[in-house]
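Structure provided below as structure tokens; questions to follow.
Order as written gives the chain letters A, B and C; numbering starts at 1 within each chain.
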Amino acid sequence: MFARLDRYLGFIPLNIQVMWTYRVRVLIFMINDLVLLLIQYFLWSAVFGGNGGTLGTISLGQYLSYVALGMIFGRLTACGIDGNVGGTIKDGAIAMHLVRPYSFFGEQVAQQVGFTVGNLLALVPFVVIVAFLVPIASVSLTTVALTVLSLALTYVLALLVAFLLGLVAFWITNYWGLFLFKDQAIALFSGQVIAFNLLFQLANAPSGNFPVPFLPEELTKGLLTGLGYVAYATPFPSLYYVPSAIATGMLSTPTEIAWHLGMQAFWVLAMALVVWLTWGRALKRVTIQGG
Amino acid sequence: MRRFFSIYAAFLSQQVKALVEYKLDFLIGVIALSIQQIGSFLVLFAVFTQIKAVGGWSFDEMLLFYGWSQVVRGIDHIYNDNIWLVGWWRIRDGSFTHYLLRPIGIIQHIIMERVQFDGFGELLVGFLLFAYAWLRLGLALGPAELGMLLVFLVCGLALYFGIKLAAAAVAFWTVSSGELMQVAYEVNSFTKYPLDIYKNVWLKNFLLFVLPFAVVSYVPMAWFLRDTAALSAALGFDVVSKTWVPVGMALLSAAFVGFGFVLFRIGLRRYTGTGT
Amino acid sequence: MIELEHLTKEFRTPKKHEGLGGAFKTLFSREYTVKRAVDDLSLSIAGGESIGFIGVNGAGKSTTIKMMTGILHPTSGQCRVFGAEAHKNRQKNAQNIGVVFGQRTQLWWDLPVSESLGILRRLYQVPQARFDENLAWFKKILELDEFYLTPVRNLSLGQRMRADFAASLLHDPKILFLDEPTIGLDLVVKERLREAIKDVNKNRGTTIFLTTHDLGDIEQICGRIIVIDDGKQAFDGSQNDLRDRYGRIRRISFDLGRPGGAPLTGLPEGVTAEETPDRLVLRFPREGIRSGDLIARVVQEREVKDLAIEDPDIADIVKEIYQHS
């Protein structure tokens, strides 16, 4: 696929330029992130503050780092290609891409890399703000290495998922709802609203409180644990939770880390297979039915 | 006015038809927005198994804030969604001129063109949480309370309306203001939780006076839950008497609506001056 | 019905500078370039007229229409429609004008034609009986039935234009503005639209104000032609006036039996000849030269099978005007 890499390289600066053209939009993303970050910051500060600064084994600083890193990693692995691919399919331009002497997927990967580099620049001010709000803990070199590895797996997985979602445009007329659905499902099942480590700790801790009086303790805990299990059955934790959890030490034992990295690798392979099969079917659709 | 409602009804019946035709899209939209709410709710739920209060508020009180904010947001989302198109596209692609060729007010025209059914998901979940919390907290529900809720609802909606209109009007100068609208609107996420947890004076005042989304949910619900002294302490200034709170809210909301209208007028005048 | 007095419209655009530093400069500089799109235009249009408003791209046609419909306000001068300033009475005037933009639909993209028209009926408060009457007429003349229940987004361009045309006339406007209504349409649809416009003008007394680049539209529809050039009025009069003023050149073409020999000689001054083996075309000013003399001369020199004397068509004339401008 990458027999001639330089063919694709041209897309990278192109996409950085595109990002620059849409710099207002990038700025908006940053402000939105900042709003979300502030809400999370103050909410969790109040929550942890109400419990003496820790919940289970997790400290406030650790959790705030998780939130902040989650956002930064989220932007780093954000994919702009689902809309790209979907749009190309919708307006029939896919045919134009198929006649060019390189693979459509490769082109999208290159576009994505350009997009990320552009995003990287946009991230700088955000990181500065985060550094002000969140205490920076020193971490070991091993942790850094493992985080980077996990982040790389997240990146590839996010790319595959985005490409797949774009391809779905072949079969679905209005994919706006689907994209919204994806975003919200990711928020709930990926660890964005609450880290799984914290969720499981809360669910298993002895509780003197039942927020909803007609839900007995077992049911309350069962619900929370159940949500965690459901989430773990999806690829979403691999898309968000794992790298930040490793970096902040929420996942710390070698077994835990190995298990989570393995899970990420599994989803990368599985998703690659799904993309490959779907792309084949989609291609047939173009060449046989003319799109 | 009769004409307005007659046309509104015509658009509505069309959209209901489309809704039935594209059930799946509608369902996906509603479910997606509901998932978002369930997520926020779940965080509270999990956290409150361990602790009794966040920022001085109990679980049920937090639900009350959250539920009410979603009720107002949901209604706004339902009836006032088309204005987004003005900010994003209508000026840019020139289709705004059609509004100018019609024998009816522009803003009326924009509003009646579209009902966004996705908002019903927010409204429903928000209302259920709100009603549940209201009952759990043992708050009275007589004509006086219903009347006040109505006043607060109108104030909240007016505020959304003014902010969105003003942000959309910027497009008259910049061709597209969708991004700006989005930022202004996104700030309302702060209203999901009580203002007290934002332990920063600037942020608090920003949410009370600059983009006063705190006035949508926090102030009215705290008004029901707290006495004058506690309310003053929470807001950071002396409210003197509880009577003044709704009055102040009404004035602030009216000011924002007025600002939105004036900016829209000026922008329109500019638009018809340059035609771009 | 429409009175323009010294109507002028200027657009100010900030001076653009090149490059990144230039972009920054543009942002803060107060320098403007002023473009005068409409320049001291004075016109008077009576009820029931059908005006063809022509000019090259950028001559100021659309700007003028926008001012007449109240979308744009003038820099100076007056633009009165129904006796009142158009932009000040926009909403009121809207009830009495219909507008068709060839490039842009006024219908709702996701709604079927039927529903779009129903909503417009309510917007303009057209009585149901009158609406039904009008609709019956549109259905007949524009054959709306074949796509009446189709959503607008699924219509072909021709269908969409027919629907748009119907939409602009539902409320019996006194003036109908058409901005390039036939652009991109096939001949059959074009013909049908022209018939409809003529019909509206003749049988309903609706004033027609039409801009177009298609001179067929003008020839068939317009009793009066206004040419605008660089914002200024270049001509105003009937089709015949236009011919008299610009169409002085007459043309005779001969079909030849066999190729002619030596070039023609002895033709009067001012006559130009163009010859191919089987065809000869002479062009000459109408005044001072008699066709009969020329024909007699050619018949002596050539074997003529057939001949035709042609007055210039509007297209030729307009082309000439454009080229001079």
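Basically, contacts are C-beta pairs under 8 Å (C-beta built on N, C-alpha and C of every residue); 3 or more make two chains touch, one makes a residue touch a chain.
This structure is a prediction, so every number in the text was calculated from the model and none was measured.
**Student:** If I average the Cα coordinates per chain and compare with the overall Cα mean, which chain comes out closest?
**Tutor:** B
**Student:** Just grab the chain with the largest centre-to-centre distance to subunit A, centres being mean Cα coordinates.
**Tutor:** Relative to subunit A, the chain whose C-alpha centre sits farthest away is C.
**Student:** Counting contact pairs per chain pair, which pair wins?
**Tutor:** Top-ranked chain pair by contacting C-beta pairs: A-B.
**Student:** Rounded to a whole Å, what is the gap between the Cα centroids of subunit A and subunit B?
**Tutor:** About 29 Å separates the centre of subunit A from that of subunit B.
**Student:** Measuring from the mean C-alpha position of subunit B to the mean C-alpha position of subunit C, what distance in angstrom results?
**Tutor:** 48
**Student:** In whole angstrom, what separates the CA-based centres of subunit A and subunit C?
**Tutor:** Chain centres of subunit A and subunit C, defined by C-alpha means, are spaced 56 Å apart.
**Student:** Spell out the part of subunit A that touches subunit B in their complex, as residue ranges.
**Tutor:** Checking each residue of subunit A against subunit B gives 24-25, 27-28, 31-32, 35-36, 38-39, 42-43, 45-47, 50-51, 55, 174, 176-178, 180-181, 183-185, 187-188, 192-194, 198-199, 202-203, 205, 207, 209-212, 220-221, 224, 227.
**Student:** Spell out the residues on subunit B that touch subunit A in their complex, using ranges where they run on.
**Tutor:** Residues in contact with subunit A: 22, 24-26, 28-29, 31-33, 35-36, 38-40, 42-55, 59, 179-180, 182-183, 186-187, 189-190, 192-193, 196-200, 203.
**Student:** Under the definition above, what is the set of subunit C residues touching subunit B in their complex?
**Tutor:** Of all residues in subunit C, those touching subunit B are 11-12, 63, 66, 69-73, 87, 90-92, 94-95, 97, 99, 104, 106, 108, 110-111, 115, 118-119, 122-125.
**Student:** Which of the residues in subunit B come into contact with subunit C in the complex?
**Tutor:** Touch list, subunit B to subunit C: 3, 6-7, 10-11, 14, 18, 94-95, 97-98, 100-105, 113, 272-275.
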